[in-house]
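For reference, chains read A, B, C, D, E and F in written order, and residue numbers begin at 1 within each chain.
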Amino acid sequence: MSELDINLPSTRQVQGSIKDKIEVSVKLMTGDVFAGRIVWQDPDCLFFTDANDLKTLIYRHAIAYIQYQ
Amino acid sequence: MSELDINLPSTRQVQGSIKDKIEVSVKLMTGDVFAGRIVWQDPDCLFFTDANDLKTLIYRHAIAYIQYQ
Amino acid sequence: MSELDINLPSTRQVQGSIKDKIEVSVKLMTGDVFAGRIVWQDPDCLFFTDANDLKTLIYRHAIAYIQYQ
Amino acid sequence: MSELDINLPSTRQVQGSIKDKIEVSVKLMTGDVFAGRIVWQDPDCLFFTDANDLKTLIYRHAIAYIQYQ
Amino acid sequence: MSELDINLPSTRQVQGSIKDKIEVSVKLMTGDVFAGRIVWQDPDCLFFTDANDLKTLIYRHAIAYIQYQ
Amino acid sequence: MSELDINLPSTRQVQGSIKDKIEVSVKLMTGDVFAGRIVWQDPDCLFFTDANDLKTLIYRHAIAYIQYQ
């Protein structure tokens, strides 16, 4: 299993927002913006949920940035 | 054969939607959106079918996200 | 030689359309759409021909999806 | 842990702007431009803060360039 | 030195057009189109010249396709 | 340290323009065009300066092509 490198500051940054259920917004290379919470992460994707409980599997290669309110 | 890492949560998430024939929508980096079912997946692609039985081989690198209705 | 993984379902899917000379359309990340036949494939590219016998070497990284009529 | 290659001139260039708290602007492939300071970097991301203390985790693959005022 | 895989059909296709000084057009992911000749290729780039002898180092990752007149 | 492959023709092409302080223009995938000189290169980036001495760290993955006047 390609491992998630939990020692990477960026992985820990995302893991912290998962653990503490922090609201974030995720901007994609397509221009889409997701507002809500990251539920889990793995080496390829983030699993995201929003206020309407809409579930989205976001591919990391499509992410431009993650912003902390 | 470059293996699909079935232990990855994101791989299992897609595999679950294949097994249970769940309707999903797939948004590509081009802006295209596919509504229908994922038939199978491999390390490079998803094979997709829609209500009109139109078959599409989607390259993973072109996928922005997969959304669960 | 970086090998084409002929065991991958997606490689076999393309190889089948080459062998059976199936008409496909290939949508690129640029928005270009090619209608015609895939002549051969290798790990980096697809070689494509259309009704006017116009030959195009398409880079895999530029492909969004391949659609089967 | 995939290591940040601190011997690379580009890594050292960014590390210098972090250490000396230099104002930079970061242009992304999406067209977004961030003006502010890089707080830390790792192999996948830059962590960025601006004048309003808005924190942003920017993915390296989305960065076009970094400009020094 | 990361080697150019001369056994790949796509590498040989480009090498043939270099040897025989064949006019091609190269479409990039940016929408730019270059009409002229490929002078040489390596694993990262194609070196291109046009009718006005304008020299361009094109990065492979930016190429969508190469078309043969 | 991931090495710059100085035996690659494309690396030598850029190194030559650095050594001889040749004016070039660099077109990015974002559509940005930089006119000026490449100061140094490494496996990830080019460091660029223009007539106003504005310094820019350009990421290689964002470069479409480099043109020689």
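The criterion applied here is as follows: a contact is a pair of C-beta atoms (placed from the backbone, for glycine too) under 8 Å apart; a residue touches a chain by one contact, two chains touch by 3 or more.
According to UniProt, the chain labels map to these proteins: A, B, C, D, E, F = Hfq-related domain-containing protein.
The structure displayed is predicted, hence computed values, not measured ones.
Asks: Touching both chain A and chain E: give me those chains, sorted by label.
Replies: Looking at chain E and chain A together, no chain touches each of them.
Asks: How many degrees of rotation bring the Cα atoms of chain D onto the matching Cα atoms of chain E, given to the nearest 5?
Replies: That pair's rotation angle lands at 120 degrees.
Asks: With over half of the numbers shared counting as same, classify the chain A/chain D interface as same or different.
Replies: different
Asks: Could you state the distance in Å from the CA-based centre of chain B to that of chain D?
Replies: Result: the chain centres lie 33 Å from each other.
Asks: Taking each chain's centre as the mean of its CA atoms, how far is chain C from chain D in angstrom?
Replies: Computed value for the inter-centroid distance: 38 Å.
Asks: Please compute the C-alpha centroid of chain C, do the same for chain E, then give the distance between them in whole Å.
Replies: The computed centroid separation for chain C versus chain E comes out at 19 Å.
Asks: Provide the list of chain F residues touching at least two other chains, using ranges where the numbers run on.
Replies: Only 29, 61 qualify.
Asks: Counting only chain pairs that touch, give me the topology of the graph as line, ring, star, complete or other.
Replies: Drawn as a graph, the chains make one closed cycle, so a ring.
Asks: Can you name the chains in ring order, beginning at chain A and moving first to chain B?
Replies: So the chains, read around the ring from chain A toward chain B, go A, B, C, E, F, D.
Asks: Looking at the complex, which residues from chain D come into contact with chain A?
Replies: It comes out as residues 1-2, 28-30, 32, 40, 42-45, 47, 54-59, 61-62.
Asks: Sort out for me which residues of chain B touch chain A in the complex.
Replies: Going by the criterion above, the answer is residues 5, 7-11, 13-14, 27, 29, 31, 60-61, 63-68.
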